[in-house]
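You will see two complexes here that share chain A, one where it goes with chain B and one where it goes with chain C.
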Partner chain A sequence: MSQQRLDRTDADSREVTAPDAEAFERRRRALRARRLRRGWVAWALVVPAAAFYVVFVLKPIVLTVQYSFYDWDGVTAASWVGLGNYAKLLQDPELGGSIVHAFELILYFSFIPVALGLATAAIIRKFATSRISVVSRTVLFLPQIIPLVAAGIMWTWLLSTDGLVNQVLRAVGLGSITRAWLGDFHTALPAVGVIGAWVLFGLCMLLLLAGMTKIDPSLYEAARIDGAGAWREFFSITLPSLRQEVGVCLTVTVIAALASFDIVYISTQGGPGNATLVPGLEIYYLAFFQRQVGTASALAVALMLLVLAVVLPLQRLNRTGDS
Partner chain B sequence: MTATACSAPGGDNNNAANTQGSTSTSTAGGQPTCGTAPVKLKMYIETGFPLPKDLSDEFTKQYPNVTFDVREDQFAVITQNAPRVLVDDPPDLMRLPQVSELAKDNLLLNLDPYATAFGWDKWPQSQLEQMRVNADGSRGDGPLYAMGLNFSMTGVFYNKKLAQQIGMTAAPTTLAELDQDLQKAKDAGIVGIAQFNGGATGGLAFPLQNLMAAYGDPAPINDWIFQKKGASIDTPTNLQAAEHLDKWIKAGYFAKDINSFDYATMMSRFIGGKSLFIFDGDWESGNLDKQMAGNAGFFIMPPAQAGGKQAAMSAPLTYGISAKAANPDCAAFFLNWVATNDKARTIAVQVGGSHPMGPADAFMPPVEANTVTAQTLDAGAKIGKDNGAMDFIANATGAIYAKSWTPNLQKMVAGQQTPQGLLTAVQKDYESEIGG
Partner chain C sequence: MIASRRELWLGRVLLVVLMLVTVMPFVSLFVTALHESGTYPPGLAWPEVLHWSNFATAFQSAQMGKLLVSSVLIELGVVPVALLIGTLAGFAIGHLRPPGGRWIFLAFLLGLTLPFEGVIVPLYYQIRDMGLLNTRWAIILPLIGLYMPFAVFWMRAHFVNMPDDVSEAARIDGATTWQLFWRIHLPLSMPALSSLGILMFLWTWNQFLLAVVLVDDPTKRTMAGALGAFQGQWGTDIPLLCAGSLLILLPTLVLFVVFQRQFVTALLQGSVKG
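Moving on, here comes the complex of A and B:
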């Protein structure tokens, strides 16, 4: 965009140096040809990415929607069942539980990382220039670059019966509450949530910190002159200015919670006794163990709509806040 | 792309089915062979188990014109990919999960012609019945769709040092004696059974099925696993078994955290001396003879009544040939060689730890006395005599283990499921899966 604008001023300036009408016409034609050429270049640049997007994103979505109307085991000929698979979803009692679990995970995947992210970002901003800030930023962001599978395996060790978490609890005299955190019906889902919070916290913190650096320092100065304390500064200036960043954090993490699969798959596989079963895992079991590709696709489509239904209002909230 | 997107998915492989009998048939005396021209057998095996590789290496040594192109995956991955791989990238030999759906979908080669040609039909038929699938998908009879590299046995392994500590001098001969040993272990502060039961693999299915066989006849259990019409897991003797298991749970004979750990953790705890018993199979015999030399023992689950018949889960290590395989004759020849060649049978025992397939009077390699391997091989003979071989209740359908046995057994451990509730729930899931 800016490149184009630059070129036009370039052309305009040359126009002034060549007032001759014929030359002007030639120039215009050349300009149009160049624009056309540039259009082709633009297309050539977009096509590879667009092709990948179509083949690996749009086509699978379309196919998933198509499969959801068939009774198909993935191999033999499929038979058309219309909305039958969707009706089956509504009758599945297990599924209701898994959706509730997904919403419970929002607490751990979204609210905790955003709240903690705000707090840490506010603290780190205070010593923005010192080395501690760089070090702590890097350390806190690290979980984000660790593959989820590795994070899941590491946390299953930490949370196991003789893992570090229980060792620490025993050392500080809390031996009575130690347990196999991922194998206990009451603590398995929160334990999975903690893993997710640990992974997503760094992302939120970095996003929020970046947002804070954009805030005009004079606002803080003015507030301080008016006698505002640190709390007042945070709630009256920092938080409102970060509305968009918070919106992005919430969007990303809510999607991560509702569509969670990898962390759960690695740490509990939905156990014990379906206590951590989530829709993503249910889709996987339906497709690859029960070989009901149609039902699995229907659930995938339903999950996509559910995610959109939750995330889209968040966007609108964001936009009205902007205007 | 639009054309394929608008037509119904699947069904592209149906014409490939039943095209048995191959393009490159080379026969010697009526039996298919690998011929003399270079052959590359495509083999898809389970990673972590050296047996198929050792067998294929030995085979190449004896038949230098045959080489192997081996692909390895974890069993869970093989389970997920099996149908697609058999169609899209058909292997000549492939480690198979539950065969009934694959056979029903015409993805596997019917091995009956080979069984006749090689004389497999003259072997003890209990070895093969799990791999026979009827047109309706029920197992137990019908055409043969797979072959074993050997067949495994399950039972109870025990730690000899810990057994000595609690005064257990001999393997229990009745269920009551086993109960007493468990109680003695508990009194001595020793974990009775650190059985894996976490994630999607409910290992309590092992003791449960052993208890089922201790109380009742294995035949109806097999009928249920083979999807015979009208079969039910919810029987009076199975209820007794589930109640007995519940009694063990409530008595604290299992490790407290069994719902949180997997198979590998169980093995490391048992080898590390943190569990008196584990319910497991003889595929670990070789491993235990190495890592717990002289300290591990094995017995088949004792019967409820003294002198009663004994049964055990026993299953062939199934390998099948894709219906679209390029070299089916050579693959079948390899499978026959594994069961009948002395060198191959030695590898099956020494590397695989399990009993080789084949005729009852076939060559058996010498095994050092007092090893777990010797004990499990003896146990295999006893099971054969009692006609007590069962398939595993986890193999009844594709999802029954992960989606029904496991969550319900985990709930039972947490006191959230009753023995009757367990059987009712599993039977219901079983019926809905077979019906649907």
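Moving on, here comes the complex of A and C:
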């Protein structure tokens, strides 16, 4: 931006002849004065947004970091423990486990919707404007607009002992594997993951589809002429052109997985045992029920850093896709 | 584009299956809501007697009237203010480009991926010290702050992409910054503004964590928060729970069906830019 401004001044000065130099100098001063005045107006316009942001986001972030170095029950005086709370994150299997669960959820929240979305979008790309695919756009979006809480309640019911899922399984002769999916130690976390996949699939599919319709059709024609099959076409043309969209899908879904709270709170409360305990829920329990504000804050800091650590590299993928 | 007949049919079948998977949970919820209250019906079975009265019972026991008013009040507190101040800041950073604007923008970006759980603990103590626990302000004020990174990011992107010619022409005609903003840029920003408005409306309506932590009284919460409380209270009465959930979903569903094109556009763009 400043580079551009410099170039412009250079060009201007080249046109200026000696007698005009004074007038030019005056104009430049006036311009600078206006830019400065505009600067003040601009700062004033930013103030309201910045004020809310500082008070309700930046300050709490700083406070979270501060709390994380103390042992505090929220009532009596806090005592400094240094990195003690962070050491607990590494030692306590319950705390560490919640982070592991968050990463396991990425498999269901991110990879399944993106993989399934890619496959579906590639197949329906060819009739993207027909009536059925326009209708499907609305229907597949439904899970995105309802509260996650509602999705949790619905699926708790669907996955229960007599729920629709087990009904279908019995109908197709798989009655032996039916169970209370959310109550079983081995299946609870995948079951929570399925709920997330259901919520996020539509968004991913439609994002990827939108990306595919932007691909130049002549690329496909050329590939067909060269004798490329559907697989070849998908891996040589479709997938490379969709890097940015895949990046976006991964970013959105990974954040949803790592920061999951609503679905787990409603469907399992972290149980059975701690089988589905995720960081968001553990922060809530620690801070507001077990009165371990310091530990909760250390976990919150870890969660914020983990999200950044996973999401920032994905953004680089986006940018290289752009160029 | 040419597609073989087999591919077309495969695609159609796949779409129908996916739509079924998406819709079945809603259908199961609806059918179950029609069973006698207090019973344990199977997941998908048409009841012999239709108990429409479940909806009336759920409406009363969930205090739906109060919930709607509460959610609307929260929306009115959050969305217009967040839209206004987010747009002003976006205009300042994206169009006026003050010295140091880049740094402010980067500071806002910092909050873009923030999980709300990361700040919920200090927020609780802050809100308590302000004496706002258990009021709607406890949800309204933090949400405005938490939406700022996205709102500023979104509006800045919009103003950066506006051609400079328009504003230069207005400047030459002697327009002040305020006139430039109010008369020229704002009318041209309606698509960006409405998408942002829809997104913030949805996020607020569906906000759960802040409601659960900061407000105990379900009738002062958002819809999603109230639904959580309703589940806690009626979790054992499946038909009633299903009826209540459907009632709470209804306003969003109606709005979505009416404004579906705007919703889909907003959500798709929202995630691309976010």
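We adopt the following convention: the second predicted complex is superposed on the first by the 261 of 323 C-alpha atoms of A that agree within 3 Å, B and C clash if a C-alpha of one lies under 4 Å from a C-alpha of the other, contacts with A are read in each partner's own complex, and residues count from 1 in each chain.
Methods note: a contact is a pair of C-beta atoms (placed from the backbone, for glycine too) under 8 Å apart; a residue touches a chain by one contact, two chains touch by 3 or more.
Because the structure is a prediction, the values reported are computed rather than measured.
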Q: In the overlay, answer first, second, both or neither for which of chain B and chain C A:Val75 touches.
A: first
(Q) So in the superposed three-chain picture, is A:Phe109 touching just chain B, just chain C, both, or none of them (first/second/both/neither)? (A) neither
Q) With the two structures laid over each other on chain A, which partner does A:Tyr67 touch: chain B (first), chain C (second), both, or neither? A) both
Q: Answer with first, second, both or neither: which of chain B and chain C does A:Phe288 touch in the superposed model?
A: both
Q: Would you check which partner chain A:Thr268 touches, where first means chain B only, second means chain C only, and both and neither mean what they say?
A: first
Q) Who wins on chain A residues touched, chain B or chain C? A) C
Q. Can A:Met304 be said to touch chain B (first), chain C (second), both, or neither?
A. second
(Q) Quick check on the output: what are the common chain A residues between the chain B footprint and the chain C footprint? (A) 59, 63, 67, 74, 160, 288, 293
Q. Where on chain A is chain C touching in the complex?
A. 1, 38-43, 45-46, 48-50, 52-53, 55-61, 63-64, 67, 74, 120, 123-127, 132-133, 135-151, 153-155, 157-158, 160, 162-167, 198, 201-203, 205-207, 210, 217, 220, 245, 248-249, 251-252, 255, 258-259, 261-262, 265-266, 279-280, 283-284, 287-288, 293, 296-297, 300-301, 303-304, 307-308, 311
Q. Mind pulling up the chain C residues that touch chain A in the complex?
A. 1, 3, 7-8, 10-12, 14-16, 18-19, 21-26, 28-29, 32, 40-44, 84-86, 88-89, 91-93, 96-99, 101, 104, 107-108, 110-111, 113-126, 141-142, 144-146, 148-149, 151-152, 177, 202, 205-206, 208-209, 212-213, 223-225, 227-228, 231, 238, 241-242, 245, 248-249, 252-253, 256-257, 260, 263-264, 267-268, 271-272, 274
Q.
Show me the residue ranges of chain A that touch chain B in the complex, using the header's touch definition.
A. 59, 62-63, 66-67, 70, 72-80, 160-161, 179-185, 268-274, 285, 288-293
Q: Would you mind writing out the residues of chain B in touch with chain A in their complex?
A: 1, 5, 8-11, 13-14, 79-80, 83-84, 87, 101, 105-107, 197-200, 256-261, 265, 398-399, 402-403, 406-408, 410-411, 413-414, 416-417, 433, 436
